[in-house]
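Common to both upcoming complexes is subunit A, partnered first by subunit B, then by subunit C.
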Partner chain A sequence: MKQSEQKKIRLKTSKEINDKLVELGKKVIKQLKDYENPSVNIPLRSLSNVYFDEKSRMLHLGNKTSDRSYLNLSQSKSFMQTMLVASKLREVIKDGSHFGLRQLFYMCKGGIPGTKENTFDDQSESDIIIEDIEGLLSRLREEIGIFAISKGKMSGDLKIVDSGDKIDCGKLGSSGYGIPSIVEKGIIDFDKTSVDFVLVVEKEQTWNRLNQDRFWKRKNCLIITGGGQPDRGTRRFLHRLNSELDLPVYVFTDMDIWGYYIYSVYKQGSINLAHFSENAAVPDAKFIGVKMSDVEKFNIPKSHWIPMKKIDYKRVREISEYEWFKTDKAWQKEFKKLSDFKHVVEQDVLVAKGLDFMSKEYLPFKFDTKDWIE
Partner chain B sequence: MKQSEQKKIRLKTSKEINDKLVELGKKVIKQLKDYENPSVNIPLRSLSNVYFDEKSRMLHLGNKTSDRSYLNLSQSKSFMQTMLVASKLREVIKDGSHFGLRQLFYMCKGGIPGTKENTFDDQSESDIIIEDIEGLLSRLREEIGIFAISKGKMSGDLKIVDSGDKIDCGKLGSSGYGIPSIVEKGIIDFDKTSVDFVLVVEKEQTWNRLNQDRFWKRKNCLIITGGGQPDRGTRRFLHRLNSELDLPVYVFTDMDIWGYYIYSVYKQGSINLAHFSENAAVPDAKFIGVKMSDVEKFNIPKSHWIPMKKIDYKRVREISEYEWFKTDKAWQKEFKKLSDFKHVVEQDVLVAKGLDFMSKEYLPFKFDTKDWIE
Partner chain C sequence: MNDKTVADDLAKKHKSISIAEFFEKNRHLLGFDSKVKAMLTCVKEAVDNSLDACEENASELKKKKKNFELPNILVRIDNVQNDIYKIIVEDNGPGISPKIIPQVFAKLLYGSKFHRLKQGRGQQGIGISASILYGQLTTGKPARIISRISPNQPARIVELMIDIKNNDASIIRDEEFAKFANETGTRVEIIIEGTYYKTGDKSVYEYLRRTSIVNPHARITFIEPDGNKIIFKRAVESLPRETKEIKPHPWGLELGILIRMLKETKKNTVLSFLTDEFSKMGSTSAKAILEHSKVNPKRKPSSLTVEEATDVLKFMQKAELQRPPTDCLSPVGRGAIEKSLKLEYNPEFIAATTRAPNVYRGYPFQVESAIAYGGDIPEGNANLMRIANKVPLLYESGACAITAGVSEMDWKRYGVNKPSNSSMPQAPLILLVHICSVWVPFTSESKAAIANYPIIIKEIKLSLQECARQLNVFLRKKMKAKKEALRISTFIKYGGVMAKALSDLTNKDSKEIEKTINKLIEKKFGINADETKKRMIEAEKKKEGGE
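After this line comes the complex of A and B, so read on.
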């Protein structure tokens, strides 16, 4: 994509968000002029308002909202905070630069004249308000220019334009491309690519191993990691690779309930960021392993199993009850087997089977025999 | 550096380490043949054996060692573990590939025939043994090819050869160059550069902000972050920039005791990795801020100060007693002022002063007036 086109996209986004923020402000001013109690209507993000949408096969927010009004003792402070953050976000979007969540916290933190109160005491408060505003505007904080810590990495034959720089992700040595927190169109764009698919790897250490083995070259794919539970940037980046470049996605995690849930987050979104799913989920992602049948198939010795803890069993019970897993026979079987097996098998174990076992035997076998869960 | 030269360096390192491992093995075999109690002599890494060397101005290990022998009930297991890890490390070095600490743990984990014992139950055990072996061989695990999680980032006009790929760190968009865990000569090498210095930034969010402002371009420098308390890769990378390219280093942290200690780790090394200082410390690094005088100079409002906690005061007392700080008048003053001030001022606060205040006013002023602590 040309720089001029990228700029056009950025300007369009800024204008749309600016208009929405102005509209929000005008609404509150009108309420004041009409002697009404100023209030805004915020989509509820609690579990009770999260549902699994069968059609799109991802988590969505329902229609429940809550009023946040100024003349209400329990809401007055958060109403003030909402207005304050919204006004700072407008400065940010007009400036066009990007800022961190911590930096936004300080932009909004201040004393309230005539009191000993602060507008914000802790970043956790401003983080919540920003998500509220995402709901209010139906736009993402990334589109506004607010970033968090990033931790994703990617390598493979894909050329990216990032902030005007053309980057060849097949020529980044042992480092790979560090997936930024903000990966919006107009800032980061992809060239066409001839790779066949994306392999998502749970852990950075496994990604490193595969990157050093040039697995992406051997299998003509991209390899990505979100470093455990993935950050928003990595999820959004993967979503764009899948939806814009039409690349199938395979997820490779530990054989434990936490790894399975990481797969679920990549696939259908996360409960606490359900409003983000549409921009981040990959509903047709497949699970390539490690799964129960691998233990026997690849003869993984008992000394490499790690005993499950109480909290693991509890989490298996919880997750197997989630709507999108509850009716899925393959996964119900997998959960049952895991609980009976009483042990965890990490992806790192495969390295111990032989120094290049993972990239030369295990993964090729899985792909060749289509040994995955849809 | 040419690829053939890089290969030569790698081969030389491998050979040296392989020879040392073989020597270690032969020594133990000789002890067995001579009916002696097999034992190895490991440098002590506890605080009692760490000292600040006035001449090199960094932390070093002293001469104390401890015997680890097979025929000793309390040492037998760790002796076995040491031999086991050493033998796996020899496989690693012969293979020439890199492996993660977790992967090495699994390579060494196994049942002991005829018992219910495992060689290793937890990664923390193998991590310690690897550091022991670093001491035994006087070589780094990175040289052997063992990596950990990485978190450093860098940008600026520097060309790097990383695993055969030539990377221009001035053309990596918002992402920057992700500093790998292993940054040894022969794997990662630098071209000549015309930049003037390196600015080390404590936090990734601040680095992001400066990177977006192209601060490195404006001040003709490199900007690096280790993401809080830096990982070994970032420290070693910085050390090489300083020692091989002769670049002065300035460290920019929060004004709190944790930030000051991060500076200290970059400068003279860390207590728990004293054997690593020689390869990682930058004794002439300067501290550019945030410091006490900045609060008044830049009129940082009280609402942006964060009250110090009990643990902060305790840490100030501890750190001000460290040898390398104890005789340093400038730092003793700074510690005293901090305790009296009773508050912390983070580097993010500077962004709240104005969207580009940090990169256009604060930092340029600090450099122009040489307002740093040596």
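After this line comes the complex of A and C, so read on.
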């Protein structure tokens, strides 16, 4: 994509968002003038308003909204905060450059005359308001230019253009390509590639191990990690690899409920960011391991199992009830087995079987025998 | 029954022992058991006398359609040296005829008001002469009385001591005195050993303050030992209703009194004695009583034996009679109490109530209450003012029916907190309870606490509850208003930030937007947001300055 085209896309997005913000302000002023209690409708971001769409096979936000109004004691402050963050987002749009969530927090933080109160005391407050505004505008903060801490990494034979710089992700040594927080078209663009698939690795240390073994070269793939629960940038990046380059995605996590859920987030989206699923989910992603059957297959020593805690069992019960897991027989079996097994097994355990066991034996065997869960 | 002999014995004993000795032995009964209490008792005796005299005088003059003055009383305490104080009480009453000055001031128990069935202050005192005796015993100094009985005559100044042996006055000085300012009136000066507390529940100040509250027609000026001058202003400009003396009602009669009345009556027959000397006693009832007790109606009253009198009394108390008259009572009045409490405490809320009269043991009595909240009333425990016949009670609070009534009430029901370990509710409250009666039932001779008659406690509670209900309505309104104000101030404080944000969003003038926000608040809540915000900012500045 040419630079001028990239710029055009960005300008169009900016104008649209700016117009929406102005519209929001005008609407509130009109309510004020009409002596109405100014209020905005914010899509509800909780499990009760999230549903699994069978067709797209991902989580979507429902139609439930909550009213936030100025003349309501418990909502007055967050209403003010919403207007304040909206006005700062307009500034960010006008400026055209990117700002972090932390920086936006400081842009919005200030004293309230006549009180000891601040507009914001903690970044968690402004982070939530930004997500509210995403829902209010039906736009993503990435499109506005607000980024978060990024922790995603990638290696493999793929050339990309990042803010005008060409980068060959196969030549980035042991650290790999750091996936930025904002990976929208026009900022990050892909070249054609001949790799066969993408392997997503839960933990950064496992990813490091595989990168050192040049696993991506051995199996002609890309390897990505989101460093545990993935950030939005990593998920969006993976989504684009899957949808634009048609690359199948495999997810490799610990054998525990938390790893299973990370897989679920990559695959169908997260509850809290259900409005983001369409831009980030990979419904075709497959779970490659560590599976319950691997314990026996690869003879993982008992000494390396970790007993499950109370909270693990509780989370298993919770997650097995989510509608996108509830009807999935394979996963219900896996949950049952896990509860009966009473232990968890980490990815890293495989190193105990041999330093390069993971890249030379475990993963190749899994891919060769197609031993995954759809 | 051998009351007669006991009474006789007592009388004999009183004569045989020296008065000084009697005084020493009974100090605690007479109110001189501590130096603090002695100070208060001396002031109290003199002030009570002055108020009674002023009122009686004004009532008489009023009846004669002559000009009269409302009570104007000066109390001054000088520190002579160490713990020696000079107490001066001066009034604009009728003055005291020079002839009887020695008896009034120097005879113990003279003009006793005992068993006089009339609502009066004096029932509670031992008399001014006891104060003079106390001063004489502790300092050796004579008392000084200045009295003027007519504007046309000069005042007289009398200095006297009590001749203990003869229970009589020994006059040291008795001459004309030209410098008395009032047209008529009395001034008493007593030098005593005492302790002066400037403030506190049992201070002279507190006593005078409460006296002024329940005597709103009196003006009391108080000059403290350090020269500090306090004026308790008049809250009303009219005289209270005159109290009337009534005859005893058979229901409340005691044997000793009946025997004395039988002895002293001028009536010739028991029948006429019963019908004429008691209230609400008709000849039918009287005849029935005598028939039941088998006493011939024509007998001479003084001829009845103790046993016969006991029988008569028994049937007198059972007789179905009308209740005693209640027009003999003189409450302060709801409006007057409210006015004087307002004057003294400037409260946010006040409610007062005067109950209809009721009867205990044949004595009519009446309860009135007031509850004042906020203003200058301090936080913490409620301040209970116990009053009997317009005289404040400062001692023995724990033994008093009034305290019991307050403590038994479920204050939480009225929106006031009362910790279970405290007898008093906790709030900036004044609780005033006044009991007036022709015969206030005190727990003991020290006359500081009212006896726990269930009917009296019931009346106390009913009157307080009446006020407390109104208090509850007020407190609820206040709480609601406070909540509402807090709610609205939340909206107001965010207005400025919001106006700026909306201005940034729309490129419209932020001042204009703020005006629009303020208009909305004004329209919805009727509150001027601009002024409220200015006040908040001012208050915050002050706080920061103070830190």
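Going forward, the second predicted complex is superposed on the first by the 374 of 374 C-alpha atoms of A that agree within 3 Å, B and C clash if a C-alpha of one lies under 4 Å from a C-alpha of the other, contacts with A are read in each partner's own complex, and residues count from 1 in each chain.
Operating definition for what follows: contacts are C-beta pairs under 8 Å (C-beta built on N, C-alpha and C of every residue); 3 or more make two chains touch, one makes a residue touch a chain.
All values reported here derive from a predicted model rather than from experimental measurement.
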When both partners are placed on the shared chain, which of subunit B and subunit C touches more of subunit A: B
Which superposed partner A:Asp294 touches (first subunit B, second subunit C, both, neither): neither
Which of subunit B and subunit C A:Tyr70 touches, first, second, both or neither: second
Which superposed partner A:Glu91 touches (first subunit B, second subunit C, both, neither): both
Which of subunit B and subunit C A:Gly110 touches, first, second, both or neither: both
First (subunit B), second (subunit C), both or neither touched by A:Tyr35: second
Contacts of A:Asp132 with subunit B and subunit C, given as first, second, both or neither: neither
Which of subunit B and subunit C A:Ile179 touches, first, second, both or neither: first
Set of subunit A residues, in rising order, touched by both subunit B and subunit C: 91, 110, 119
Of all residues in subunit A, those that touch subunit C in their complex: 21-22, 24-26, 28-29, 32-33, 35, 37, 70-71, 73, 76-77, 79-80, 83-84, 86-88, 90-91, 110, 112-117, 119
Contact footprint of subunit A on subunit B as seen in their complex: 91-92, 95, 97-103, 105-107, 109-111, 118-119, 147-151, 153, 160-167, 171-182, 187-188, 203-206, 208-209, 212-213, 227, 301-304, 346, 348-349, 351-352, 355-356
List of subunit C residues in touch with subunit A within their complex: 487, 490-491, 493-494, 496-498, 500-506, 508, 513, 516-517, 519-520, 523-524, 533, 536-537, 539-540
